[in-house]
């Protein structure tokens, strides 16, 4: 990873949604900025590879949601388990900072983190796991949390799920169990307001907050894209999850900038403009100026190098 | 001759016709509404044409199947789409213990016409949880019939036939078929021909030149049919072996009768399917054939299925695991010592 | 059925839970009283038959919960679908008043409503259906409700479920759909505070009210055992379910007096005393005096006759 | 000789031993805690002896299986009870797409030791949704093994063996077995004897007097074993036919090797199971046997299963549908023209 650079940022001009302005309260570290831009560059490179016909299968980019795993990164330790989902590249990169291993997995090349067997949405490395069936990870995360609770190791299970995944019954079975048994289960909801092609209003009655309340589970809502602000708001909750222990739901209001997978975005221009308007990227760019552009240049170059290197590798091998 | 329509178009048209002629028909599933029209575009245009009866649902496979069961119970005729057949396990209970069981467990017949559409199969690089063939797990549930999409069977006929049974059914659709063309008028391509020997149109028979006599027959569901007849074409060219490929529309209950004349005299019966090995559909068909044809069988029935393995994502690894045309070709050669 | 008899009852002595006193506000009709006591007598007769070794398989008595289907009876019409569960004899008798058909089903004798195939927990008759897998009926009920909504016939689907059944994910998938699609689904929760051997505190985090609120579903709580009071409270809701249409959850706090099925009650005496204390029966009896005893005598005699008659019948026949 | 323990006691003791010797073991399920001890009392006493590791759960089959998957992933060794195996469909997805798949779908082996206990089977008048044998629906899932309770196999050994595979497994337990006695020291009753021909103890062989030569062999899982050896005893008395009953502990993957000497020379192989017809375990076993024994087989393998029907509640109707001792007896007679 590039060297962390921390610098104070000028306070932003007060805006309609001041909480949404990054860097207002605190600095953006170089490490954070690099990571944000690594993820963005990585996802863009993937979409490019797809449109060039150089990738097969499918993939789901996290464009617009990069700040969520970056914000949570310092709050989650090596002992914690992370359960990611189909839209998991940002989660993986925030945990391991390993674009080559991930890209090799997606391209089925040597050095693939799962030997090319899992592909984009089935990754397992240490205490990180993603899988492609929506909702499955919630009870699994509860099981891992039960293990942590009994071992008393202070670890937790963090499960990333989307808004649409609240359609699955397994989510509720797990929330009920986690609260009954007071398990250290941190549910991170990335609410981008859409599931594949279906807007939240068409797939979810009521609210995510209401879902948590139904089970008496502690809930916190995050609207900000400011990493420090998110961290200071969420850190006490994460601590409580570990120490009490207890479950919690943290819902991030976020946006999906790109298609669901590839070339399958049927949203109208107003919906897309709404998403772009809430993207962290232009705000960070505006506030950080040259520093942003330099960092982005570095990460784009890094990703381009990674693509070149990985594409040149031989196919992954797997001894089943 | 103008090019025939794609399989996806044929299926879409069949669903449209069903909705059009029968007000009791619903189509439900995740993201099936316009403009998206479903993950594989099978339902494109239908929600626009039939508002209120073609409904995008939340991501709730169990509830979707349950709602279908409720509609059927109330006299409607729902069709549901499970976006990937791999997720059919999420509605296993609703199909096993409610929809199928309701037909007979109340001591009198309760009609439960409903179709569960499941896109299945691999060779698209979608990975271990999006590429499977779960057909075999649903065999032998009383009052649940299983069907498979094929490029030889017109879906308008198939859907009618299923609905008219008045019992729940699963239609498995090999995803690689959607972009293929339907075959019409008994012609596939080159010297490859097909007909429907049984009269009721359930079994299609593909052959090169003329159907009999056959050194071997391959029984293969729709998803594998093309790979099977490619193997047959290669077997003729390379080894001068003549064979037939028999493709059922309905997988289960197995309807062997129309098949028996064709298979009785064959030197080899090979049953091929893309599902992974163990407890396969082929095992069920083979057992029935052993019972019926014991005296005539020249050698053991040869089952071909994918490896006992998860289905990897990377194409070069996926290919190794899944049944390909060469897998069938090699199996026939091996069994016939060719 | 015996002739309906309606008489005014003296107001009860004000008690700690005045709302729980039956007959305070209004009269108890003879028809209602007969039905309450038919169900009670029927269930007691079944437990007797079991202990005499004259029944096989299993059964779940609704002792303590009889007033719920009786209260709802005039609110549900022939066009409505009713989904019952394992504890469904009261639901069936309230709808059809047919102890012989039900007993024949349970005993596998001629005249069985489902030819002896379904048995105690799998009954289908007209628009009434019960099945033995918890939670399954919720999405099925939603499907039936969708049919009613589109047909505009003013019918609804009423689904009876217990508190423990809120463990099943299917319940939540159905609530979400019913609210999203505004389906005439009436969820009747018979909360007897226990599931088989597991007290509610061990199987449910949060509340049933919270579950409904999570989806924005209208909710009403009933603590009373007074039929008229229940009816006047619930009738407007049932009307709204039909007319809006929309789903609603009505939760009855109730008690299970008997074992879960047969001989499997592991509750301590305090828990049993709590249940007995909340039973409608002694209260009705206290208030109605002789009238109650006469009615009970009649129903017990009726059930005894039914048992004798059905037991003498030949086995049920089924042409599969 | 003192009476041997009941099967339920043996299983309870085995679970206790597992919990006792390995702190990683959990037992989870609905109503399994004391004083209730589970719907069939299999876990009685365990929650008292091992608080915190024997947990009663809400009615959430899918989550219970998911929690088990999570525990296994984190290094624990969970056992779960699905109160009635009929409800296993509710956790089909967790077993199919998570627990089993995780072992191999990440390109490196992920150990997932866990046992799903499923009380199954009929003859108890519990009706169509509480009497089924869903074994067959779980055959052929890579990395998922299937086992069956038997009165001949000591459960302490069986549970260890399963856990040591490091992969998810389902243990099917015929409910009628719980109250039966375990058989020990090679003796069943009267002249009925048993041994374990394979060496590893997976296959038990039951015979009258001495094992060979056999006019027929019956292969039957634990739940049906007693009915099978009753049939064998009757066949000896009524028709002087000598036979063996072969009872596996592990149903799948099928381990045929130890069986081959015994079955090769038999005049008939009959495979009996209580599950309803179609896509059965027997079809899988038979197919493997046809492949291995083609030259030696005297006649087609005879499959015996319950009718293609829901399982009625009333005992006289239920009896008709389910395989009984006489069903097996008649099948053998018919096949041998006796």
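Note that the chains take the letters A, B, C and D in the order they are written out, and that residue 1 is the start of every chain.
What we mean here is this: contacts are C-beta pairs under 8 Å (C-beta built on N, C-alpha and C of every residue); 3 or more make two chains touch, one makes a residue touch a chain.
Treat the numbers as computed from the prediction; the structure is a model and nothing was measured.
**Student:** Touching both subunit A and subunit B: give me those chains, sorted by label.
**Tutor:** C, D
**Student:** Shortest hop count from subunit A to subunit D along touching chains?
**Tutor:** When the steps are counted carefully, the minimum from subunit A to subunit D is 1.
**Student:** What chain is the most remote from subunit A, judged by the mean position of CA atoms in each chain?
**Tutor:** Farthest chain from subunit A, going by C-alpha centroids: C.
**Student:** Return the distance between the CA-based centres of subunit A and subunit C, expressed in whole Å.
**Tutor:** Once rounded, the distance between the two centres reads 47 Å.
**Student:** Just how far, in Å, is the C-alpha centre of subunit C from the one of subunit B?
**Tutor:** Centre-to-centre distance between subunit B and subunit C: 44 Å.
**Student:** Measure off the straight-line distance from the CA centroid of subunit C to the CA centroid of subunit D, and report it in whole Å.
**Tutor:** Once rounded, the distance between the two centres reads 38 Å.
**Student:** Starting from the mean Cα coordinates of subunit B and subunit D, work out the distance between those two points in Å.
**Tutor:** Subunit B and subunit D have C-alpha centres separated by 31 Å.
**Student:** Considering subunit B alone, which of its residues make contact with at least two other chains?
**Tutor:** If we look for residues of subunit B contacting two or more partner chains, we find 57-58, 60, 62-63, 86-87, 90, 93, 97, 101, 104-105, 107, 127-129, 309-310, 312.
**Student:** Please list all residues of subunit C that touch 2 or more other chains.
**Tutor:** Within subunit C, the residues that touch at least two other chains are 112, 115-118, 122, 131, 133, 166-170, 173, 176, 180, 202-204, 316, 318, 320.
**Student:** What topology does the chain contact graph adopt: line, ring, star, complete, or other?
**Tutor:** complete
**Student:** Within the complex, which stretch of subunit D touches subunit C?
**Tutor:** On the subunit D side, the touching residues are 30-31, 33, 35-36, 39, 56-60, 62-63, 86-87, 90, 124-130, 307, 309-310, 312-317, 321.
**Student:** Tell me, which parts of subunit C touch subunit A in their complex?
**Tutor:** Within the complex, subunit C touches subunit A at residues 166-173, 175-176, 179-180, 202-207, 210-211, 213-217.
**Student:** If you look only at subunit D, which of its residues touch subunit A in the complex?
**Tutor:** Result: residues 26, 52-53, 55, 57-58, 60, 62-76, 78, 93-94, 97-98, 101-102, 104-108, 110 of subunit D touch subunit A.
**Student:** If you look only at subunit B, which of its residues touch subunit D in the complex?
**Tutor:** 86-87, 89-90, 92-93, 95-97, 101, 104-105, 107, 127-129, 134, 136-143, 252-253, 275-284, 286-287, 290-291, 294, 299-301, 303, 308-310, 312
**Student:** For the complex, which residues does subunit C have touching subunit D?
**Tutor:** 56-58, 107-108, 112, 115-122, 131-135, 164-169, 195-198, 202-204, 264, 266, 315-316, 318, 320
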